[in-house]
Structures are given as C-alpha cells and as structure tokens.
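Here subunit A shows up in two complexes: once beside subunit B, once beside subunit C.
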Partner chain A sequence: MKYSSRQYAKALWELLEKKSPAHQGVILNNFMKLLRKQKEFKKLNFIVNELEKIHLTENNLLKAEIISPFPLSKTLTKQTKKFISSFFKRRLKAIILEQKIDKNLIGGFQIKVNDYLIDASVKNMLLKLKRNIRV
Partner chain B sequence: MELLFEKLGLEPHILIAQIINFLILIFILHKFLYKPLIKFLDKRQGLIEKGLNDAKKAKEELSKIQTIKEEKIIEGEKQAAQIIESSKKTAEQKSGLILKEAQEKSEDIIKEAKEIAREEKKEAKQKLKEEIRDLVALASSKILEKNIGPKENEEIVSQQLELLSEKP
Partner chain C sequence: MNNNLIIEQLKKQIESFKKEPEISEVGRILTLNDGVCSLSGLKDVAMGELVLFAKDKEEIFGVVLNLEEDLVGAIILGDFTKLKEGDIAKRTKKTLSIGASKNFIGRVINPLGQPLDKKGEIKYENSYPLEKIAPGVLKREPVNTPLHTGIKSIDSMIPIGRGQRELIIGDRQIGKTALAIDAIINQKQDSLKTPVCIYVAIGQKSSKIAGIVEKLKEKGAMDYSVVVSASASDPAPLWYIAPYAGCALAEYFMDKGDDVLIIYDDLSKHAWAYRQISLLLRRPPGREAYPGDIFYLHSRLLERSAKLNPELGNGSITALPIVETQAGDVSAYIPTNIISITDGQIYLEPELFYQGIRPALNVGLSVSRVGSAAQTKAMKKVAGQLRLDLAQFRELASFVQFGSDLDEATKQKIDRGQRITEILKQGQYAPLPFEKQVSILYAATQGMLDDIEVSEIKNFENKFLEHLENQNSEFLKSLRKKKDLTDELEKNLKNIIENFKKVFRK
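On to the complex of A and B.
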C-alpha cells in the first residue's frame, strides 16, 4: 500500500513526539529503512517539508521570509514580525523570520509566508507606475 | 397508146421491164438502204435528243446545284455571322465579368493593405508607448538605485509596514 507524503510525515511526527533524542534517532533510522523497503525514498524531501509544516502548526509557529535590498535593523525586524502577526490575525508563539538580500528590489521589501506574497518593493512600485503611465 | 410509145421511141415491154426493175430497185433500196438508214438516223436523232435532254437536265441540275450552293453559302455566312455575333456577346459578357472580378479583387487588396497599414501603425504606436514606459521605468529605477541606501530603505520599509497595517 502506498502512502502520501503528508501521511508519512504525520505518522513520523506522532512517533517522534515527546521522545528522547536517542530514541528519536532510532525511530528516524527505522523510518529510512521503511522508505527504502517501500521504494518511496524519493518522497523524503516532501515528507520533510510536511514535517516542518506540522511542527510549525503544532507549536503555533509561523515561518516567514523577508527579502530586502539591504539588511534590516533589529527595530524594523521586530516591527515586521508584529505586522506579520497582525496581518495573519493569529496569536503566534513565535515568528521564524528569515532575511534575504536582493538588490534588484531597489528598496522596500517582499514578505513570503507559505504561498502568500506581500510585495512592497520599489521594483513592484515601478512596475505599477509603468503600467499606469499614460502616453 | 402504141402510137405515142412509137413517137416517144419507147418500147412497152422494155418500159415495163424498166418499171419492174425500178420497182425492184425501190424495193431493194427501201429494204436494205432506206430502212437501216432511217433506223440509223432515228437512232442517231434519239441519241442526239437524249444527249440534248441530258445536257439540258445537267444544266438544270447544275443550275439547281448552283442555287443550292449559293443558298448554302448565304446560310453559312448567316450562321457564321450569328456565331461571330454570339461569340462577341459571350466575350463581352466574360470580359465584363473578368473586369468586375478584377475590380473587386483589387478593391479587396486595397482594403486589406489599408487594414494591414492601420494595424501596423497601431502596433508601432503601442510599441512606442511601451518603449516610453520602459524608458521612464528604467530611468526612475536608475535614479532610485543611486539614491536609495540602507537609511532610505529603512524609511521606505517602515512607511510601507505602516501603510499595510492601516489597510483593512
């Protein structure tokens, strides 16, 4: 019988939950053996992604990515986290915010949460401006 | 009678003999010369008459043939004239149709060419507008790239976060 990546991830999460690190190591080893036996090792990447999603949901965490042409100050990082929290209307335990640099954005930022994108970059503003110029 | 014969120097028995001879001669001539001659002449006359009749008939036939020939020629000429006339008409009609078709085609081509020219003009205009927009955007981005540093970026990010927070 074949299982989906989500089903594997859920099962693995339940097995790993509240186990000691040593015990978790044994479980992971056995899980790998099982994937090989089932000939579903190629699903590993998807399973890890699903596992991460379960981990974030179960712990009331949100993983977000902020892209900007320059590194953001601590104050702005805090402000960004606050904005994300209010934007998604969730009381979160914590926001895991990854910062990336992209000079092409010129200024401003882009926030990516799962498949959601908030584009407040100067590049995007220029694109909008370009579309609205009347010649 | 005898006296007369004597005066004339004729002897009756010689005369009778001569008469008989003459009669015999006439008979022989009649039997062997006149009859065949007359027959020959009759035959000859018949032949001549027949020849004349034939010639007359031939002349008449020739005349008839001539008349028929002339009639045929006239009829042929008439028919030829009719054919020429009808051909002329057909040719005129066809040439008229061809001319009309050619005119229609040329009108279509002109219309199509005008349409293409209009489309091309529209496309060129659109392209020019696009290029102007690109240039404006490029110039703006170049200016902004030079003028936006970390400090300015902090301001922009802060302002944007505030703006986004205000939105419902």
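On to the complex of A and C.
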C-alpha cells in the first residue's frame, strides 16, 4: 500500500519521541530499510520537509525568512520577531528568523512565513507603480 | 502633447500613490513539467484562479486546475523554461480573463490578449472572463437570419443561420480551412449586417497562420476580423485556452448587439492539448487516453454560441468548429462528441476531392439542423429542388457508362445531375453573393443549361456571372434588396438567361 510523505513523517515522529539517541539511531536505520523495501526513496526529501513542519507545530515554533538588501541589526531583528508574532495571534515559544540578503530589492524588506509573503520592498513598490501609472 | 502637462500628470500620480506593503498568499513550485507545475502552500486558492509567477522582468501567469490535499496543480501560460523549482507563486484572486474592445478588430493576438502583429498595445476598458456559463433558454431566440458563406453548395443545401453551430469535418488537406476563410471573405459583400469575424488558430503552423492573415488583408477582410493565434510552437496551456479567449471576445461583441462569426481551427488539436495537460496533472485517462471531461471541454465552449432575444440586443455568435478526422473515420471519439454538440455538419470527402469536385462536400451526409429557417425566400425557391435532383443523380450515377441504353427520363436526370454538379464546383477565395447564387442555380434547376455541354458549363457560368454584373446590375440590386424571387424578377431572370445563351453560343 502506498503511504503519503505526511503519513511516513508522522509515524517516524511518534516513534522517535522521547527515545534515547541510540534507540533513535536504530529506528532511523529501520525506517530507511522500510523505505527501500517500499521503493519510496524518492519521497525522502518530502518526508524531511514534513518532519520539519511537524517539529515546528509540536514545539510551537514558527519559521520565517526575512530578505533585505542590508543585514539586520539586533534591534531590527527583535522588532521583526515581535511584528510576526502579532501578525499570527498565536502564542509562540520562539520564532526562528532566517536572514537573506538580496541587493535587488533596493530597500525595504520581504518576509516569507508559512503561506504568506509580506512584501514591503522598494522593488515591489516600483513594480506596482509601473503597473498603475497611466498617461 | 504638452510635455509639462505629462510631467504634471505623472507627478500627481506618483504623489497620490499609496506606499503600502503588499501581503499576498504564496506557494512554492515543487515540481515542474512541460507547462504544468505542482505548488505547495496556497491553501485558500480557488479552482481556475490565476496565480502569478513573478520573475524579475517578466510576469508569467498560471491557472490552478488541480486542488489536492497538499498540492495545487497549475498550468503555466507562458515560457515555463524561465521558472525553476522553489519559485514563488502568488494568488491574484482573479479568474482568467481577456481584455475586450473594438480596438481588437484588425489585430492578431495571442490567447492572453497580447498583440502579435507589432502594431502596438491594444487599449481596452472591459475584461471578459474566459470561462462563462452559456446564455440560458429564456435569453435565446430561434435562429432566423442567414449567414451566407458565399459557397453555392452550402448556402443552398446546408444553409447556416446566425447563432448556429455548424461543424466542418474531414480529412487533412481537404479544404476545411479554405471553406472557413471563404466564409469570412464573403461577409464583406453580403447584403446583411457584416458580422465581426474571429479566427482562432489552435496549434497551426505559424507560416499557415501568416498566410491566412495575408489573404484576409488582401481581400479586405481584416477590417472586420480578429485572429487569435496559439501556434504550433506555443505551449499546450495556450492551445487549451485559445478557443475560450476567442469566445470571450465574441461575447463582448454579442452583448453589444453585433453578430459574430467565430471559427475554431481546429478542435482536434485542442483536444490533444487538453489531453496533454490532464495526463501531466495525473488525471486518470479514459478512452484514447483523453480525460473523462473531454466532452464538457467542447460542449461548454460551443454552447456559448447563441442567438440572443431582442431584449438583450439581438446579438449572435455563429460557430464553425473544424475537426480533422483520420482516414475519414467520423465515428472516432472526438468527432462523434462534437457532432452530437453542433447543429449540423459539413462533411468533406477525399474521394470527391480527387474527382475534382471542390468543395468536396458530401451532400448526403452533411446536414444543417436549422435548415430553411435561415434561408432567404429566393434561395428557398431555387434550392428546394436541388437536393432532390442531386440525390436522384447519385442513385443513377453508376449508370452513366450505359449512356445509350437508358430511357429518356433516366438520361435527363443524369444530364441534369451532371450539370448541377459542375455548377456547384467553386474555386477558392471566390465566394459568391447570394443574388448571383440564386441566378445561376435557377438556371441549372430549371433545365435551362441542359443544352450546354458539361465541359462548357464552367465557362458559361463565369461568363454569365460577368454578364450579370456588367449588363444587369439593376436586376441584381433588386433581387438583393427584395431577397425574394417575385414573379416579375423571375420573368426578368428567364429573359436574361435566354438572351445570354444566344450570345454565348456564337
């Protein structure tokens, strides 16, 4: 029977919970053998993605990505995290903020979190301007 | 235009521009196939919604067609080689639509409404959705106005009305596109209001499309036509939306009260494109590997061709879909589907084509379910006898070899049939206005050509029509106006023919 990546990930997560590292090693070994037997090795990447998602929800974490043309100062990072937690109205233990530099944005920033994109970059403003200008 | 004025306008627009951050729902490309991609995220996206793949300089759109538990399947309307795994797709919360305005007339566009003829941008105010529910029963009216194609065999025996769907079906290289183009060209010289003509080219060679546009320009038909082109090198999703784009444009004109003639050339390729997309979207294949909803694909397109009632403006869309058969097999899957949807078919046969009968119309198998409700009174009078004469001739056709051993009645039928067949042959790009058609068909059916050699008939017809045009233009004008062969006009015509025969014999 074919299982989805999500089902594999959930099963693996539940097995690995509260086990010693040695035990976890054995479980992972068996898991790889199972995948090979079911010929589902291709799903490995997707299973890892799903595992990450489960880890974030179980531990009440949120992963976000902020892209800006300049590196963020400590205060800005704190403010960003505050803003994101207010945006989601959920009580979060912590926010994992990844930073990326993209000079093409000229100014401002982009925040990618879950399925949302908050675009406050100068590049986007200029594109919107271009679309809306009529002479 | 005043430079300062432009600069002032620009300044005003920039100042009033709202500098708000944009919050959009996004997804990422997980897998990318030929023109089809699967996206993660986009949890609230709707079926058929447009998504935007924003690359640096270009905007590539996609249409969501598959909603699964963890994935969204979308087709890419553009060059998918520019996208890669991990790219972002934004929701636009809009469905696919095309701009519509009078400015499209005379232009060649792609299914997204972008011009292909390098004549500049096309301005429009309205946007018409590509997918729309067809007008309901109460909004319609029965078909009562003829759409003259200019081809004698069609206008007499398989008449098409405005608002009808008539399928043109046949093998390759048999004259299907030629019929459609002649129908477009004829609208210029027709007595009734000129309809807007839309030619949708699906999967055709760019050289062929260019040739058609040139021909239409040459005959002055581009003044009332639009060409929607999804050529052979365009990706399958563009082939898929091309007929719907043409239909949306047609609906714009129909809502304004105009008549529209739309030609889908051809729907077999359209079905192939949809099959390709469905298989890549992992939808289960059915008969001949077509997806289960292949019938709905064409039925919802063709049902949008209608004749609206007077309250809604009396506009109409006449559709001439073209289907290519393989080895004359009309009982294959796609042809039978479309035959059951349309209001009749024009069946072109290779045998007749090679015998020299062009257009290679098989009168027996072709039918128009609207029939004489869409014919002028004059044509009705003349054409009534025509079908019967030809049917009787076909029955006796095999006896032609026994020329001398037959009784008078049979011989007469055969002679008449041969002459009518000669008259019904017609060259390409030479559509005839209905008054000329009525004149020559009257001569043929009344037996006034029985004393002319079969080999001379074509020559007679050409010279006769020329004579009518030059010496009897008054008669043609009154026939064109009255649309009926009154006793007076009939007497007049008889005299003209008799007099011309005397001149011809010399």
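Just so we're on the same page, the second predicted complex is superposed on the first by the 135 of 135 C-alpha atoms of A that agree within 3 Å, B and C clash if a C-alpha of one lies under 4 Å from a C-alpha of the other, contacts with A are read in each partner's own complex, and residues count from 1 in each chain.
Everything that follows uses one rule, which is that contacts are C-beta pairs under 8 Å (C-beta built on N, C-alpha and C of every residue); 3 or more make two chains touch, one makes a residue touch a chain.
Here the structure is a predicted model, which means the values were calculated and not measured.
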| item | value |
| --- | --- |
| Subunit A as common anchor, with subunit B and subunit C clashing or fitting | clash |
| Which superposed partner A:K33 touches (first subunit B, second subunit C, both, neither) | neither |
| Touched partner set for A:R90, first subunit B, second subunit C, both or neither | neither |
| Which of subunit B and subunit C A:Y116 touches, first, second, both or neither | second |
| Contact breadth on subunit A, by residue count: subunit C or subunit B | B |
| First (subunit B), second (subunit C), both or neither touched by A:L129 | both |
| First (subunit B), second (subunit C), both or neither touched by A:Q79 | first |
| First (subunit B), second (subunit C), both or neither touched by A:R6 | second |
| Subunit A residues contacted in one complex by subunit B, in the other by subunit C | 108, 118, 120, 129, 133, 135 |
| Subunit C-facing residues of subunit A, complex | 4, 6, 104, 108, 112, 114-120, 124-125, 128-129, 132-135 |
| Residue ranges of subunit A touching subunit B (in the complex, touch as defined) | 68-73, 76, 79-80, 83, 86-87, 106-109, 118, 120, 122-123, 126-127, 129-131, 133, 135 |
| In the complex, subunit C residues that touch subunit A | 6, 9-10, 13-14, 17, 19, 21-27, 41-43, 56, 70, 88, 90 |
| In the complex, subunit B residues that touch subunit A | 128-129, 132-134, 136-137, 140-141, 144-145, 148-150, 152-154, 156-158, 160-161, 163-165 |
